[in-house]
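Accompanying notes for the structure given below.
Chain naming follows the written order as A, B, C and D, and within any one chain the residues start at number 1.
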């Protein structure tokens, strides 16, 4: 069986493992205070043109979201997210466990819109009994989104402007940031993100690392004492260098971008194949995740050889599935899948 | 510089890395639902003679403590710990962040005593206004303790009996469990722990893994829905197999016990050397951590070649330091250190 | 100006004040352990035919909701509520502040339906990755609802059945319980509530008390150690007898039911008047709250003499307002208001 | 039986009840936005010479402590308190329930000392691994203390200076503030408190009100959005005017000070009587609480007519008890008690 269900089914890019192996018996201080983490921090600050930004490394996405959001909000504030946002539906109430409500807005192709955020804020502060409701405090968005769609630079700028107007923090969950950047020409780059966001992550887990998310915090107020937050939320890795080393391997020599392009290229080839075969999509995604809708019989036939992720059963005997490529996807596997699709 | 400051300064035992390498391109389901985690679970259940026990793998110790304790307690209950306990002093309030007080008792050589726990419980339930105070709900202890001391089977049995009498859960933080087992003849083994505790951990981070703690939950009530707790606290690793694979490497073929013996043997040799050289100790530790007290001048001389962990400056121009060995300690380094000590 | 905006604009029924006055200089133990609270508990247990039920008195509704829900749920569980539910929109995230998500379902006339709850549960437990989502743990409903509508006994029984099927607790927020009972013939009575719910409240604040909600807990497991929860959430009143005394005054001699009928009678008279005058309603409410839709000009005219609660501006130059009666409403004021409406 | 066990055994001063009665049928907005609360706010600001201070009214002490402390602290910070402090021992972990550790220091006559606070801060920020421990964020003290002792102005100034030096907030729990002010000549007055503290409370519950604590917040940053915190913690009273009215009655015409003097005068007379009769005291308290140590036989004799609060059984067949006077204590009762003591 070939697995297209997610982008975290394999281990890590060989260069990542190489780095871990060659440094294995070196002795370093723990908790991310080693030279490799320092080097990776410097590299990220340069990429972001943000020499003052705080950079820390956490092991996973939910951990990063929970730590950042709890650090950014006052107790009575909530995080604004699309109703399909990861923090709203797939984190077992990790945000609520830190005391904060997730304020959901209807998604538009998986995205938040500036106008919906502005309307929420106007409604909140325009109400004389506002203190009886959770105050919007931060906007959470994921790049790429849960549905594989991607915010353009212009869209992100508009949202950042609304955030500034109403005093909200802006946080971008970049679990699939590499795939987003490789997908459309006008996606925000590292410098854009550092300029527009209070905090964003560069996801390693889904883009070639064993695990790890780099948290970049250009906002100096949010950055203050951030390591206390990490420790308190259980996210401070004893052998922190494992994270620094991985991000060095990923970000040096353009490996991260290269792996991302690889995955997106394969996914978009697959997308064209599905389109030509006449299938519709739940979302029009330009990145490494596709959401085609297939008749149950076709799906059953494919599932004899491939694993996908079921998204929803639909009327008329069809189903939407997620098909994912990643840095590790073998082009030959995609080619065979495309042949099997054409043969249906 | 040779580092004796802690037992997490290197990477992982080569056999651990080997396992990760040889499986790197295999595709598996995420979140600990892969065959390797299953295999490691089975192995641990066998070692513990606890075929029904829940076994889950987390990335770090604070994360494990916080997840287990929050799962075991009712909102108004607290965790009883020695005042030197890790959850009381070194986790930035991670337990409090889940809403629970840590109820501290004076330590005895780093340990809790059954009589002190019983006295606390009697005082609480004997008070008519008891609902104005936090109710003891769980006993937390670490094996080995923060000071390298080790509970004997008999001591653990006595504490377990007090816990049963007052309806408290018993949780053993086994971050250094291997070193404890290798240290004294009458330390509780896996079967004892599974029989006496509601939950305990088998620490990987400090005993040869890159990272990882196995959480063993013999208590079926506590085990219920435990994976929800893990996800909510940010501890569910996407590529969960990394944990299963590491524990397989550690626990198959007795590697874990072997590495632990290696470290304890070296530490105890060093202890005798220090004793013979006339130094006193803050605690009499039979495991891999030593806490000798040295004159400042001697310490300064050694610190030109070695890194230790300063525990406290003391009157009379002396200081107590921690000297740690681990699975990775080179016997030659210990030998040289002993020579340097004798030459002081 | 005559205020029809809410049902808590006045103080307390004179009989309530009388009780406080006549006992003012008596000395009693604090924290609800006085003879008056005991007497009120006994009375409530009799009314509910629930001799074993735990009964405690809290000062306010949000406090009661937060204390009960945090006591009933496991950390990873959420409270299911209508999207218009008080805990979902008007409590500044008080439930989230205790670590729990509010899982909202679309309301039907302000009510939850058994089928929607069942569908949510089936979707949750039917999903193999269920531990990535908040588990439904309790159903919250208010009787009467935020929109003045009232659950019939049959509706409540159906919901209770779904709760039993899926292992959820059932909690009824009775801030306006008196008005609900006075409104329709087949509303559940105290015995029904005690039989069907794990917990419910009898609201005093809006029905003749200065303040106070009686929390009735037929479920013995939920009842356990409940006073610890109250204290921990800041809800244990030092002079607890003030609550016992008020509930004695309200519940002895049928005053509570009598006051409720008074309010509902006046509201329903007003409703007929509004209907006859041709106004539509946002909701068809049989209790003490009405939600008529008026043209802006008519509203402006009335607002020269009366205070209402604006619910929403609507298209076409109209607005929906809340008009409330209460135990304290002067029939003459309603009569005059009706005349003014007819004269519009 | 005459009750000297606590200072909240009766209802309220008649002038307080009078105010409630005479305004009972007035209609006012809810939630503390009525004219009476506004009037009380203005009065308190004047008394404090703090025209910009935020003033809010809550129903109880634990509620006030929990709301203020959670509002003042960042998630990873703790509240420094004496180990006998109310938040440390008598609030069922209400502070921990908001996510914060209480950092206790050994008390000195029930008080915190500036040097102990400074030492704690120096130890914390002087440690290179500080982010592994809870950061001190606020100093909590009660005036008078749990043991009836009272901070002098000079002591409070010293503590405030330490707080400024290390960036900690200073919060004074004034549940017995009136009694403290009436006890010693150099106790800080309202202006001192407003000048030195970030927040303090003026306790009503124990000094003549039915219930209620006025929270005064001179610090504008802490004051921001404070009403959201109140609502979120379940402390916003629907008929908020009940609190405003009570504080108006208490603070107008010097009633609060007069009642406090009454209680302290009686207590201090009783103290001299006990001293002359040869009894020792657990603490030397100048306010309305006394902690004499009596032989068991004497105590038993007195307890046939009086209720005291047992503090601790002691060796040698003695016990320490709390004897409290209050605004409501009948001088004749104290006189009779003194006669009975002399007759022992």
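By our rule, a residue touches a chain if its C-beta (ideal position, glycine included) is under 8 Å from a C-beta of that chain, and two chains touch if they have at least 3 such contacts.
Predicted, not measured: the structure shown is a model, and the values here were computed from it.
For subunit A, the chain with the farthest CA centroid is D. For the pairs A-B and A-C, the larger set of C-beta contacts lies at A-B. Each chain gets one centre point, the mean of its Cα atoms, and the points for subunit A and subunit B are 34 Å apart.
Put simply, the C-alpha centre of subunit A and that of subunit C have 42 angstrom between them. Counting partner chains per residue, subunit B shows two or more touched chains at residues 75-76, 91-93, 97-99, 131-132, 228, 231-232, 236. Those residues of subunit B whose C-beta lies close enough to touch subunit A in the complex are 1-3, 5-6, 8-12, 14, 17, 20-21, 23-30, 59-63, 66-67, 91-94, 97-98, 205-206, 210-211, 228, 231-239, 242, 328. The residues of subunit B lying in touch with subunit C in their complex are 31, 70-71, 74-76, 98-99, 129, 131-132, 135, 225, 227-232, 236.
Residues 75-76, 78, 89-93, 96-102, 131-134 of subunit B are the ones touching subunit D in the complex.
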